[in-house]
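Structure incoming, see below.
Note that the chains take the letters A, B, C, D and E in the order they are written out, and that residue 1 is the start of every chain.
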Amino acid sequence: MLGELINPYYLQVSSFILINIILAVSIYITLGTGQLSLGHAGFMSIGAYTTAILTLNYNMPLVLGVIIAAIVTGIVGTLIGIPALRLQGVYLAIATLGFGEVVRVLFINWDGLTNGAIGLSGIPHLGREIFNLSKSMGIEPDMFGLKNNQFISLAVFFVLLIITISVIWFFVRQNNSRIGRAFSAIKMDEEASEAMGINITYYKVLAFGQGAMLAGFAGALYAHLMAYISPSDFDYHRAVEILIFSIFGGSEVIWGSIFGAVFLSAMPEFLRFINEYRFMIYGALLVLMMAFRPQGIIDVNMMNRFKRLMPKKRGEKKHGTGNKEDQ
Amino acid sequence: MVLEIKKISKNFGGIQALTDVSFSVEEGEILGLIGPNGAGKTTMFNMITAMYPPSSGVISFVGNPLSNLKPHQITEKGICRTFQNIRLFSDLTVRENVMVGNHCRLKTNVMQSVLRTKAQKAEEARVLATSDEILEVVGLANDKETIAKNLSYGAQRRLEIARALASRPKLILLDEPAAGMNEKETNDLFNLIKKIQTLNITVLLIEHDMPLVMRVCSRIIVLNFGKKIAEGTPSSIQNNKEVIEAYLGVEEEDELA
Amino acid sequence: MLKLDNISTFYGKIQALKSIDIAVEEGTIVTILGANGAGKTTMMNTIAGLLKPKEGTIHYLGIDVTGRRPDQLLRNGLALVPEGRGILATMTVLENLEMGAYHRSDSEVDADIEKVMDRFPILRERKEQYGGTLSGGQQQMLAIARVIMSRPKLLLLDEPSMGLAPIIVADIFKIIKEINEAGTTVLLVEQNARQALKVADHGYVLENGKVVASGTAKELLQDDTIKKAYLGH
Amino acid sequence: ACGNSSTDDTESADSDDVVKAKVGVISYLTGSGASYGEAITNGINLAHKEITELGEVDIELKIEDSAGKQEEALSVAQKLMNSENVDAIIGPTLSTEMQIVGPEADLNGVPILGTSNTAEGIPQLGEYVFRNSIPETLAIPASVQKAIDKYGAKKVAILYGNDDVFTKAGYDTMKQVAEDLDLEVLTTETFQLGQSDYKAQLTKIKSLNPDLVLASALYNEGAVILDQARKMGIDVPFVGGNGFNSPEVIKIAGDAANGLIVATPWFAKKDDEKVKKFVEDYEAAYGMEPDQFAAQAYDGFYVMAEAIKNAGEADRDAIRDALAEIKDFEGVLGNMSFDEEGDIIMEPTVLIIEDDEYVVFE
Amino acid sequence: MLIEQLINGLTLGSIYVIVALGYTLVFGVLNVVNMGHGEIFMFGAFMGVVVTNILGWPLYIAFVVAIVVTGILGYFLETFALRPLRGKEGVSHLAPLISTIGVSIFLENVAHHFFGSGNQPFRTSLSELKFVLGSTTVYYVQIIIFVIAILLMFGLTFWLSKTKAGKALRASAENLAVASLLGVNTKRTITQTVIIASAMGGIAGILVGIAFNSVNPQMGLSFGLKGLAIIILGGLGNVRGAMVGGLILGMAETFIVAYGDSGYRDAVAFIAIIVILIVRPQGIFGTATTGRKG
């Protein structure tokens, strides 16, 4: 019954969208302190390779692999974040782009560990692991009227959905606190923030590290979603793609970045019928978008208007300045 | 003594902005820092708040030297400033600006913020109350939700002061708060500074508006070409020859009128 | 020389100028007074072509110049020293002065540079320093020196005395007077109402984007309501 | 040049006794490697047209683009398997994509046939995964062996693209072969996809005077390497992997292409009726000579059609079994069979470019 | 081999220089990193292919056509991707980065569409001309490329620092409103600059075609990334920095291949910028920002 409705194709696309949402949030956090990173593909790859190597070579359970991957990437991000403090704007963007490229070249050349350009295959697949696990617990897909592949796709989707919602929840709350206020103050004027008693070193590195960690986390999930990774999965195009999610959707508010990830990951699927032109359209769309709505589709004003439309459930006000329900 | 400046010098790649300046700020007073353009007044503020390190000399706050501190640590210690060129967080609301000012008095960390612990909630409630109180003091209570950049110039200046007050300073440094204000607004500013004094906050004021300085300050330091040339009560400064020559000029009212 | 008819200017939906009418006679100094946020800067920027009015016309030297670009207006002698001075921070003092004469192609540019540096000796001293590293007051002097370099016919000054030492303020007004006497018409925005009215021939008072009073400088100086609102006592 | 237009099977027999099936194609149609996907799609379309005319089976084609990306390949595969409900899949173009799509197809029980995947371990991805492209592990030893025999080469230099799966895998084989044949490897140099300047590597190679250069490159980079090498005065023969084998090499490098040796399943000048007809029809349809990818795809589609015919019904499992049964299939590539894992069994031909033309290397 | 490698490095470096100058110029005026520059450069190279190979016309016409076409592309880029963002309130400084990335994606795919994804042959008799000096062969093309790079650098330096137009350009870079108040037609100045920068990209494109016979739609990205690294290395907006940075990078890449591990060639540029930025955050020749506080 249910089985008819559940199409692994849609679940697959949705799963990619969820991973992209996490990536978009990861860059949003970094951008939130005025730091522009083009190195998120690099962080993503560190996460992906860490868990892949751990699970493949050391038989580590998938969950543990992903957690360690996120932590490792967070540490790397923090280490990168410290020298990055000295760089502003475009300098930082290009330097982080450089970081991503260096990581990629390293993974290409570190043959013994990464298998070079050929990549790592046979990484435990999130869905198939869940499938095996539930089988061992006596749960069979056909108990729900599902085929195996439907069950697997559905399981992956739900796990990712829960993870994504938790991530969003975490950062929405963080934004609505003293931490979030410090982030936006730094984004607007670093020196003034410092003079007002904000430890900009701490907060900038925090944001950079959190962004990196999240990207690494997404990368680890990606590895277990694809079961195969290679350095070319994490190149310049990926870094740009991640950045564009956020800028296109709107980097002022977290919902903008999320929207960007959803829209831009889904769009190519809808544009399949004009195949040959879809990337041209994608490029042109970016140009137009910046010309007419440079702050991204969703901005602060739109969020405010949206909140006014829902007077009952007065949404959380940016930076937690707001109302009682929030507290 | 709240603040003690001992033999401070500052050199910017050849330009001697300050030379061996010493003075002290007494608890509870409103001390004026005046001098011609380029005399080094703003530079002095930048030294005190650790935006730049001094080339030589020592600055002590309530008896402790301030060397090797970062600007935010200075603020934590209880010194806060406003900027000559307004530097608000222009896209935040008025209230949010003030809340940011209160940042260094808050303690909650990432986990507490995300989990919304009791302590965090209480703290946030306190910030809100404090901010509203301060906005009341500076007369911006009706503009809480306005985006800072949409305020008029004079209101922005007051918001700068409010933001600095939110860090609960013992000493506040005001850099030309009256710039761009007309006489009526300047008058309001006078009242505000006096009110700050009653809150037990010491004030160090840079200002070119002489009527205001003379009225509000109990004591005045005069800089010229990076050197201290005079120190004293408003009336003694007004009659100081050197100061008149370098800075005040001769009243030309009648000539022009 | 300059005439504004029914000028309205908007920032997005916010209307900052509401049907302003103003006239400036050749050879005079006209001052605009008003509280913070009254719309003075908006008006100056509109006249200079930085902002486009939504309604109304601007006539300069008898020609309709509404909507012209600042560089076109400057070529015809209309110059503005903007609020906040507009110093080019990454160019040296000398280059700033040279930029003042950007549209000129005559041979007297160098001589003029010498002249303004005589008037503001500090600029000669700091010739090679970057504009951005000057103190606030030094920047203000540079801004005025630079606009003199453009040999304007009509000079718009937006709060030239802001942030200046009293002794310099007096100087600045003296210089304004001198520039005017040398044949330049001046439109002056000032918070320092008393001083401004002293040098001006004519004045307008703006409130909330509207002209609420106007008259000769003498009349305004004596007007009680104006005294109360802008002169403090 | 491709896209959905390919589904117009208007004149197909509408009788009930022919098997009706739907085959999905995943191809690399946009992005930097689109020319491979194009050749493949062309080959498939040509074969499809011919088979439709024959009327023995009625196959509906559904062609999708993966842009050479794993995620897109996977999404598209899911779409074909679950939304379009295809009975079998041909493609995807790259081995990296197959690494992802193969296991998923296997899980879904959809037979999948790669026509261009040359990396190791592709058919081993699952029961339902097949390929009719010869892997590098088969091609490279053949060509190196022949070159050594002919030139008596002892000292070689190796040059390979280290950031691409295909060229890296080719290199691994070359290295192995060099070891097995006791060759002295003077130097091993790498380059990256899309590089323009190979002079630094070539200058170094030249100074070492090798008897032979083993180059694992795709033709795009490979042709430029040959061009720069010859200009620089490196006149020794080059042995390439099978991605190096393309008429484009001659187009880009001109005379400089002479002396390139490749092992390939495909030889366009073969004195064979089938081959001649295919080359003729292909040129007529697409205005260029078919390369090995077109030929492999062409044969691949015939193999698929054969399997569908043999299965007798559009059933995924039946088609899989029929595919596994294929033996001694005679196509434009020659005679092929599948081994028990689903890998191809075939003798590659070794070719060399002489006078701006591929000829059999003997 | 050393001398040959030196020449290889200089040739590659000179091309990098020309590409980087295009970036620097636009950054110098607009404070924008034009991510579409690489693709404009790529179009220049394709124009060479079209003119010499497809139409069979002489090489100098290829230069003319490439300059014109890339100039026009520059004009479009300025009109559609940069101008709408300029002077608008609330536009983040990232916006032009994104819109020019949009341009680069667009152009790359247009090139795909028209020219196919593979390499196109670029064969001219010029690329065969050479002379032998001792044991080294030197191609005239290599010398020409080097000379063009030097000329462009000096031309630009002179233009920016000495001419009125150059100063106007710098003024516009810093503050559009002020520049226009000073009588600069900022729109024209900026458009001119973007066109000139793009045309320089076109020249570089043809030179790459001649030197390496390698022209494909992806070359914009690989050269573009190097160009970016160089302008960071040399200090953004700094002409001399672009020159030195470009030559250093060309040499470094060549020598890491010659005497090190060619696998790390693509990383050289970025390792260098990371190291340099940590030591000197404003690049080798960049001036520290002279912001006043307070």
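Just a few scattered comments:
Everything below uses one rule, namely that a residue touches a chain if its C-beta (ideal position, glycine included) is under 8 Å from a C-beta of that chain, and two chains touch if they have at least 3 such contacts.
Heads up on the chains, UniProt names are A = Amino acid ABC transporter; B, C = ABC transporter ATP-binding protein; E = ABC transporter permease.
Keep in mind it's a predicted model, so treat the numbers as computed, not measured.
Comparing the centres of all chains, each the average of its CA atoms, the largest separation from chain C belongs to D. The highest number of C-beta contact pairs joins the chains A-E. Averaged C-alpha coordinates give centres for chain A and chain C that are 51 Å from one another. Separating the CA-averaged centres of chain C and chain D is a span of 74 Å. With centres taken as mean Cα positions, chain E sits 48 Å from chain B. Note: centroid distance chain A to chain D, computed from Cα atoms, is 36 Å. Of all residues in chain E, those touching 2 or more other chains are 109, 221, 261, 263, 266, 292-293, listed in ascending order.
In chain D, the positions touching at least two other chains are 30-31, 162-163.
Residues of chain C in contact with two or more other chains: 133. Touching chain C in their complex are the following residues of chain E: 164, 167-168, 170-171, 174-175, 177-186, 290-292. Partner chain A is touched in their complex by these residues of chain E: 27, 33, 80-81, 84-85, 88, 90-99, 101-110, 113, 221, 225, 228-229, 232, 236, 261, 263-264, 266-267, 269-271, 273-274, 277-278, 281-283, 289, 293. Those residues of chain C lying in contact with chain B across their complex are 14, 33, 35-37, 84, 122, 129, 133-138, 140-141, 159, 162-171, 173, 191, 193-194, 198-199, 229-233.
Within the complex formed with chain C, the residues of chain B that make contact are 12, 15, 34-39, 42, 84-85, 150, 152-155, 176, 179-187, 208, 210, 246-249, 252, 256-257.
For chain D in complex with chain E, the residues that touch the partner chain are 30-35, 162-163, 189-201, 203-204, 207, 219-220, 223-224, 227-228, 231-233, 248, 251-254.
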